[in-house]
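A short write-up of the structure that comes next.
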Amino acid sequence: MHALVQGLILGILTAGVYALMASGQTLIFGVMKVVNLAQGAMVILSAYLSYQLFTSFGIDPLLAIPATTVVMFVLGVVVQLVFLRPLRAEDRSELSLLVTFAVALLLEGIMSVTWSTSVRSINTSYANSSWSVGGYQITLVRLWAFLLSIAALGILYLLLNRTRLGRAIRATVQNPESARLLGVESDRVSAIGFGLGAATAAAAGSIYGLLYPFNSGSHYDLISRLLSIVLLGGLGSIGGAVVGALIVSTSSAVVAATISPSWSEMTFFVILLLVLLVRPQGLFGTTARGAI
Amino acid sequence: MMAALLEVEGLTKSFGSLRAVDSASFAVEDGSITALIGPNGSGKTTLFNMITGYLSPDGGHVRFGGREVTGAASGSLYGRGLTRTFQQARVFTQLTVEENLTVAAGYSWRQLFGRRLSRADRERVAVLLEEFRMSHVADLYASELSYGQRKLLEFAAVLMSQPRLVLLDEPTAGVNPVMIATMEHHIRERHGAGVTFLIVEHDMPFVMRLCDPVVVLDRGHEIFAGPPHAVQSDTRVLDAYLGS
Amino acid sequence: MRSPRSLLGTVRGVGFFVVLGVLPWLTPAHWILNILVFTLMYAVMSSAWNLVGGFAGYPSLGHAAFFGIGAYSMNLWFEHRTLHSGYEPFLFLPVIGLFAGLVGLGVGAIAMRTRADVFAIVTITLLFVTQTLAFNLRGLTHGAQGLSIAVPPFPLATFERPFYFVLLGLLAVAMGISYGAMRSKFGLSLAAIRADEDKARGIGVRVLGVKLLAFSVSVGLTAMVGGVWAYYEGYIYPQFAVDPLVTIAIVLMTFLGGRATLWGPVIGALLLETTQQTLAYTLGGSQFYLIAYALVFLVVMLLMPQGIVPSVQDLLRRRRRRSVVDGGEPAPGADDPVDPPAHSPGLGQSMTAANGRG
């Protein structure tokens, strides 16, 4: 019982950072109908950037977030403009999967060359402090990570719901055709949407770097987790991504705490298959399958 | 009294807060050419999608040939003789005209692993191509056809299943007058051969010439059903068109 | 009854296999044969991938998982049997293929119900989950330590030959299936699914059944290659048995050569596998190698998404059309001389050559 509750606490605290990564991923899908397989690599790249800022200049990763988000936003826009925009519309969704996969490998290669493949971790002074609440361990880092992720998600929410740009993005997500008719420049929205998705990956990456040791190959593990979250919640639904992150993260943590850590790494896949069996469109997804 | 081939009863569909079709009820008599008209956005295409199994209704019933088929899969309805065309002429542009017809023919597992174009299929395709005067373009890709020809091809293709009821979604929209006459000719010809039609159309002269009865839909609701000459004088219909 | 073009196709096919069949006698060098063995592996896998990724338009990113499943299944054989002549493990290949095909059927039944995006995501997730399992299921795989398999008792001088010919046989099977698909209504169904799945379903195409069959056969063949690979290499490490780079290589080869064509995947494999070996030798470190590979991929996707075979076909078609016009014959008309290739089945013809011209 104790292990179960401890697992639940850990799962919920970890869910924040996954929710952040996944909302960027699902946002990109919503705006461009592109499944970004490079999202995980972008997260890891940003973790490396934070690592570099920390080791070279002693900048705390949490304070580095503004810098990494800007860098990754630009990178996201560049990826969109250079690699995705030239694809022909009729097979864009199919080719974009492969192109973003290639971008992920490219980033992986660049990271391995720059930082080698040995595992890195960011050891801040508070990395090991924790509290004990009623017999349950809560580490400071995880709590910070959780709160910051929630804050970043809040900013994303405000951006999408309270600004003109956000309205344009949401209109594009709901109906690209009518958004175009209303004067939304879809090319610009796509570029910015991809940039925003990358920026959330950046914020999440700085936090991720604090929580876990990582190397250039870590994005494989991340991407499968992220994709499961996004599919679970329903492609294109940010709320769904948050719920999906909660489900995946708590169930993995609970399985790790109660059964075995090695099985926890495939818990999400089993859950994903079960959900798809019952609801092929995901929990909050729509059945939209192109215009009928 | 003739039995209704298709009965739609209280069919309802909402998209979010928008009620696209609101408890629509009407019947299509066996052997008729029924028109379904209404102002833009009155839910005609949504209705078509629900009847032909492309969209599952929130409520209501569809009966075809006296049997309940609500929510049946599009493919199985096709097999039972209920088929349709699309407003945008959905043909397979990457396949040839001949292949577009072949692909619409039967699918037993044995046929699946037989030749791409079996002898029986080839003969039926040839007959249809002849009837639709498309033999000379049989080997062209559908992408090489004009829009009107694509519409004709889609119509011809659904006839491969020897349907009892064909739903045509705006067969004349976007095509030239000659093609409209051609379309009308083929509908009459097939009607003569025993096929029943349900047609959504905005071209009123076309509807008046060809269809009887006419069903008028407004905001997802049936407001009139009767012979074409009575439509023009019906006040509810005038209100619906002019008021909106 | 046969058209001259289809005769030409047959000649081409027979010629190709005859040349490959005598090649081991012409080139005694082991390193060349080694490259050839790997090229054949990729040619089989690309042809197999093409069945589902090309013809049906469902881009699987998880084929490497089935490659790994095949490799580890082969190890199971060695744990329960002993080698005599060295040929017995090959007889086990069909069982591997069948098993992987069944696994594929199960995964596909869940992942293929909606759209190609979801399918791609589930398959790539399957890939990483399989890799994790390969590391974690130590009882079966020995985890990161890896497994080693008994050395095949083949004479050293002709060591590669058994593997080479088994793979050549698999290639013949894979290409035979592709060829059969292109000539049958099965292939026509796949093409319809790829073009407009909803519409295809609406006109009675057995959409799910056909997709599943294509996927199942495709991963079955891939697993068989995995089995041969394990036996040939003699060791299995999780990171090589279930390697995302295998997936990306297969996909890249198919795209480079041309999706939904008979020869495209084979040509892609021939070109890329040799390039890959060169890159691996000259760039040494695997990191630069990864960058180079990713860049090649991106360039192909952006500059030639159609692939070599369809581009060449397009060119020939246009030239033929021009020569017809120059010759003063009526161009499009009652007897259009510009005969689209797709309906007269010849080797190497694309079902989708018109793609991109509409």
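Going by the order they are written in, the chains are A, B and C; count residues from 1 in each one.
Convention: contacts are C-beta pairs under 8 Å (C-beta built on N, C-alpha and C of every residue); 3 or more make two chains touch, one makes a residue touch a chain.
Model, not experiment: these values are computed from the prediction.
Centrality annotation: C (chain centre taken as mean Cα position, compared with the mean over all protein Cα atoms).
When each chain is reduced to the average of its Cα atoms, B sits farthest from subunit A.
A separation of 41 Å divides the Cα centre of subunit B from that of subunit C. Chain centres here are Cα averages; for subunit A and subunit C they lie 32 Å apart. The distance from the centre of subunit A to the centre of subunit B, each centre being the mean of the chain's C-alpha atoms, comes to 45 Å.
Counting partners per residue, subunit C has 198, 355 as the residues that reach two or more other chains. Each of residues 292 in subunit A touches at least two other chains.
Touching two or more other chains at once are residues 54 of subunit B. Contact residues of subunit C toward subunit A in the complex are 57, 59, 61, 107, 110-111, 113-118, 120-122, 124-129, 131-133, 136, 198, 244-245, 248, 251, 255, 286-291, 293-295, 297-298, 301-302, 305, 355-356. Within the complex formed with subunit B, the residues of subunit C that make contact are 180, 182-189, 191-192, 194-196, 198-207, 210, 333-336, 339-340, 342-343, 345, 351-352, 354-355, 357-358. Contact residues on subunit A toward subunit C in their complex (touch as defined above): 29, 33, 35, 37, 83, 86-88, 90-91, 93-95, 97-99, 101-103, 105-106, 108-110, 112-113, 117, 220-221, 223-224, 227-228, 230-231, 235, 262-263, 265-266, 269, 272-273, 276-277, 280-281, 289-290, 292. Here subunit B touches subunit C in the complex through residues 52-54, 73-75, 78-79, 83-84, 86, 90, 92-96, 98-99, 102-104, 106-107, 109, 111-118, 136-137, 139-141, 143-144, 157-158, 160-161, going by the rule given at the top.
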